[in-house]
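Below is a structure I'd like to ask you about.
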Amino acid sequence: MKLNGVEIEDTFAEGFPMRMTRLLITATTQRWAEASAQESKGLGTTAVFCPTEAGIEGPRPTCLETPDGRPGVFLQIGHQNKEKVLRWMPIRIRHCILSVPTTALFDAMPEELDSKPIEMKETPPYLFGDVYQEEIQEYGRERYRIPLMGGWFKMPRRINMVKGVAGGNFLILGETQAAALAGAEAAVDGVLSVPKVWLPAVAGVFASGSKPMDEYPWATTNHRFCSVIRDKVSDTLVPEGVGCVFEVVVNGLTTDSVMEAMKIGIRRAATVDGVVKITAANYGGNLGPYKFYLSEVL
Amino acid sequence: MKLNGVEIEDTFAEGFPMRMTRLLITATTQRWAEASAQESKGLGTTAVFCPTEAGIEGPRPTCLETPDGRPGVFLQIGHQNKEKVLRWMPIRIRHCILSVPTTALFDAMPEELDSKPIEMKETPPYLFGDVYQEEIQEYGRERYRIPLMGGWFKMPRRINMVKGVAGGNFLILGETQAAALAGAEAAVDGVLSVPKVWLPAVAGVFASGSKPMDEYPWATTNHRFCSVIRDKVSDTLVPEGVGCVFEVVVNGLTTDSVMEAMKIGIRRAATVDGVVKITAANYGGNLGPYKFYLSEVL
Amino acid sequence: MKLNGVEIEDTFAEGFPMRMTRLLITATTQRWAEASAQESKGLGTTAVFCPTEAGIEGPRPTCLETPDGRPGVFLQIGHQNKEKVLRWMPIRIRHCILSVPTTALFDAMPEELDSKPIEMKETPPYLFGDVYQEEIQEYGRERYRIPLMGGWFKMPRRINMVKGVAGGNFLILGETQAAALAGAEAAVDGVLSVPKVWLPAVAGVFASGSKPMDEYPWATTNHRFCSVIRDKVSDTLVPEGVGCVFEVVVNGLTTDSVMEAMKIGIRRAATVDGVVKITAANYGGNLGPYKFYLSEVL
Amino acid sequence: MKLNGVEIEDTFAEGFPMRMTRLLITATTQRWAEASAQESKGLGTTAVFCPTEAGIEGPRPTCLETPDGRPGVFLQIGHQNKEKVLRWMPIRIRHCILSVPTTALFDAMPEELDSKPIEMKETPPYLFGDVYQEEIQEYGRERYRIPLMGGWFKMPRRINMVKGVAGGNFLILGETQAAALAGAEAAVDGVLSVPKVWLPAVAGVFASGSKPMDEYPWATTNHRFCSVIRDKVSDTLVPEGVGCVFEVVVNGLTTDSVMEAMKIGIRRAATVDGVVKITAANYGGNLGPYKFYLSEVL
């Protein structure tokens, strides 16, 4: 299949279920909500070693779309292992949201999804209040407020967790690093047009792709896609004339949103001159139950 | 003591030693170096629960000042516990620097400081190369290169760690939240004028200050500085007329740099109308060996 | 009238008609569209001396919402004098949009508004093509393309101009500069939640307000609102206890959108502690035909 | 000549004298200084139609390096025609600096350069004070202060103008748009490492290059460098295999600084894979007296 002259490989991205929460951070100004979201997303590119994955959705809610009428940002946090979310999400909240001037926190899980509530009592942000935290009602919701030097920090009593979808992905093969990167950056803006999806990579683009290993370190460089060692890898997957490969990984609350985002991202990447091929990473279906065939996605 | 009409309390900030590394991230463009540094700094506001503290220095090196002639950012990573640095710094490198398009890594510890090298062999970024990583000489240094889909990632064989200084701090008491925050933001730009210091807080400003506790959770809200519960706290430290308090915490490689940064930060904060008092947090000298008396610092 | 304890003066903002165009700048990435829009908006804070006013709308269209499927920014350009728009808009396009890597231009005037087309033939961007520009059909529209070193620049053959509304405004009076500015910044994010409105001021906030004068320089400092010379101005409008005033000026395509934006902006400003009063600037109804009474707006 | 495998054409960039001023904008926070500088730089990409050229220097002065101890930005404004600077610089100050919250203005012309003072009395920013502006002494300098709603705006009584150098330039020819743009962006960060130089283009990169014409419109697309019409231009300068060209124009206070900046910029561009050739624009020496031969610059 060709898109805009770019070869689209007949393969699939292999997705897997991930426990996810969707938070809304609001603040007095958009700037503080962004700063908080950025720190909260940090050290969140992969669930392998990092304390959960995390990412920021593209479309920002305006003051007309948040419960407290303030500007905000949607942040998603996820891990395959539920326990990791239960452990690290409260720490991300305590140290990257609660500690930031003027912020407030809301659960932003869409009601129509099948979710389970995480009780925030007995977690670090709640316990931080010592004995001074309080239960309040606000905007028709049950919430807590924790006294800080900078004012009250308000947060939900429960945060909903769903079984979302991780590992939607595509690889962009370019003649040069510049072409592959321009394709990836175009793709990222496309992906971020779709609500409820997020990108674990820094600015949405992974320079490093990995392959599963049997033993530690279980994930190592996906050498078959490394053009710089193409001559040393007999079963290389780097075609002649390809100088660089970048990967865009897409997570989201639903398979539909991930597929929609992949579609727009791939289409955007295929408009960039010097992008010669787009494929996807999978592990023969051993890693996860979702198979996003590029031909179907498009 | 008064500065610009603002009361400077006769007290001290209580600092403590912290193991720190100083990294230089370079990239093809300043933008990618910043993006990598931002992710690397993430989830790094405190050593209590976070996987180390981390922060970005203010002055950026230009292309004339880096080994590879590319734009860059200085990132510092630290923890009281050496083992935590040994564990988490390589993970921050692996997942927030190595994985980012076009980046390279250098050790940027000043030679004149007494440091110990951390060998990067057998750490996640090195091991990520599977069997394809190589030892190279570059810019007169011993380095590794790891093959990625996006090109070679180059990094030092050793990263130096020093015993730096954490916990330099000052509290800004304002009539209103806006005044205290404007004072804190002015202070942050002042602090970031000084090389080799860094701020663990998001955008440099903590809305939450903590007090040590005997048992878990060992750090809870510093209730004596919380204006919103002033009426409930008999030994409150919030003076009449103070509506809000923010804290600026300063870490750095040396006591001199931390003190210089505190001086400039406090002076900047004291120029803001509505800031009524500046003090510092200490625990009677039980936490750490460094006492930064505000009167001496200024 | 009181809002959140803040006095809302019983007065009106005096608006006036302004000829406006609404442009959509798209680019390969959001970043280049933003850079182009920022330059295009430059030197555009007032129609008095500047070559037209200009401003960027808050909500950005995603790739799903633009004709060419690329990320974009809405830019508005306006002046009371139609001739000024006819002269300067093409120059802004030629030198701040056409000259920027990967950009394209679209007319984004809503169809339901009563507008008049400006023919772009014989204007600087078209003439820049020497003899190499071409008429094309794209996305069902009549367009031009101009050859550049960096590729084709594509633009509409006609850009629609309407009689929009300028001079919607409110003044935020604060105890301190910090409080007034925090109120203004909160207001700006509120205003920017509303589509089709724009703010001529830098980051939306004017430190300087002006009064009309009979002779040159016809606009000088609105001394009655200057707290720093309060003691010298016998008919000052600065109440006791007010240390600073900032102004938010709102322009837009329709009176409805301007009023909606004023409402949200004022409400946001009134949430900031230290903001004591909100009023509006008018000239007794001599300047313009639109009277936006704050009580009605809210 | 080859640099990193990239052909450097044996030609020269043709520079010409430009009257320039160098301003320092300071503010309470770096953020407001940046916002003011950005607006001040707007509509400043060329002296042909725009109201002067304008640009921001790369290195920012810290709080330790400005007269008022606040963070700041260096902005340069220039035009071949002295009268244009005298007319438009005060308007840029009045409407893009004075009007911005918390800003102050300083003359930042290096003393060692041969400059002439522009008296700021009788200019728009001074006259804006109506009758309330005052002469003051500050930091050992003669200054004015103008009362605004947001506080005093302070500015120098005189701003020095020199005969600087404009038109330093180089063209980056790439296989693809992505490669040429990556080369140009790398070059820009290199150029911005050098103090006292500035880039008139948006983000430093021109997609459009122009050739002089005998009659109006005197500057039209440099068709010989347009790859998209390569087949129609018999004397094209676009080599086979080149898909795109971008230009970096460098202005500065001295020939030395411009040449240093060109050197670093070209070296950075030549590191980007897919950049195939670097040349420079000149008009046979008819436009200006400065000839920056690429071989000498490097």
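Labels for the chains are A, B, C and D, by order of writing; each one numbers its residues from 1.
In the analysis below, a contact is a pair of C-beta atoms (placed from the backbone, for glycine too) under 8 Å apart; a residue touches a chain by one contact, two chains touch by 3 or more.
These numbers come from a predicted model, not from an experiment.
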item	value
For subunit A placed onto subunit B, the superposition rotation in degrees, Cα atoms, nearest 5	180
Identity of the chain that, by mean CA position, is farthest from subunit C	B
Mean-CA-position distance for subunit D and subunit C (Å)	26
Separation of mean Cα positions, subunit C and subunit B [Å, integer]	39
Residues of subunit D whose C-beta touches two or more other chains	177, 181-182, 244, 272
Subunit A partner contacts - residues on subunit D that touch it in the complex	174-179, 181-183, 243-244, 272-274
Residues on subunit C engaged by subunit D in the complex (per definition of touch)	32, 35-36, 38-46, 48-51, 91-92, 94-96, 98-103, 124, 127-130, 132, 146-153, 171, 177, 180-181, 184, 201-203, 205-210, 213, 217, 219-223, 225-229, 232, 244-247
Contact set on subunit D toward subunit B in their complex	28-30, 58-59, 62-65, 69-71, 182, 185-186, 189-190, 192-194, 264, 267-268, 271-272
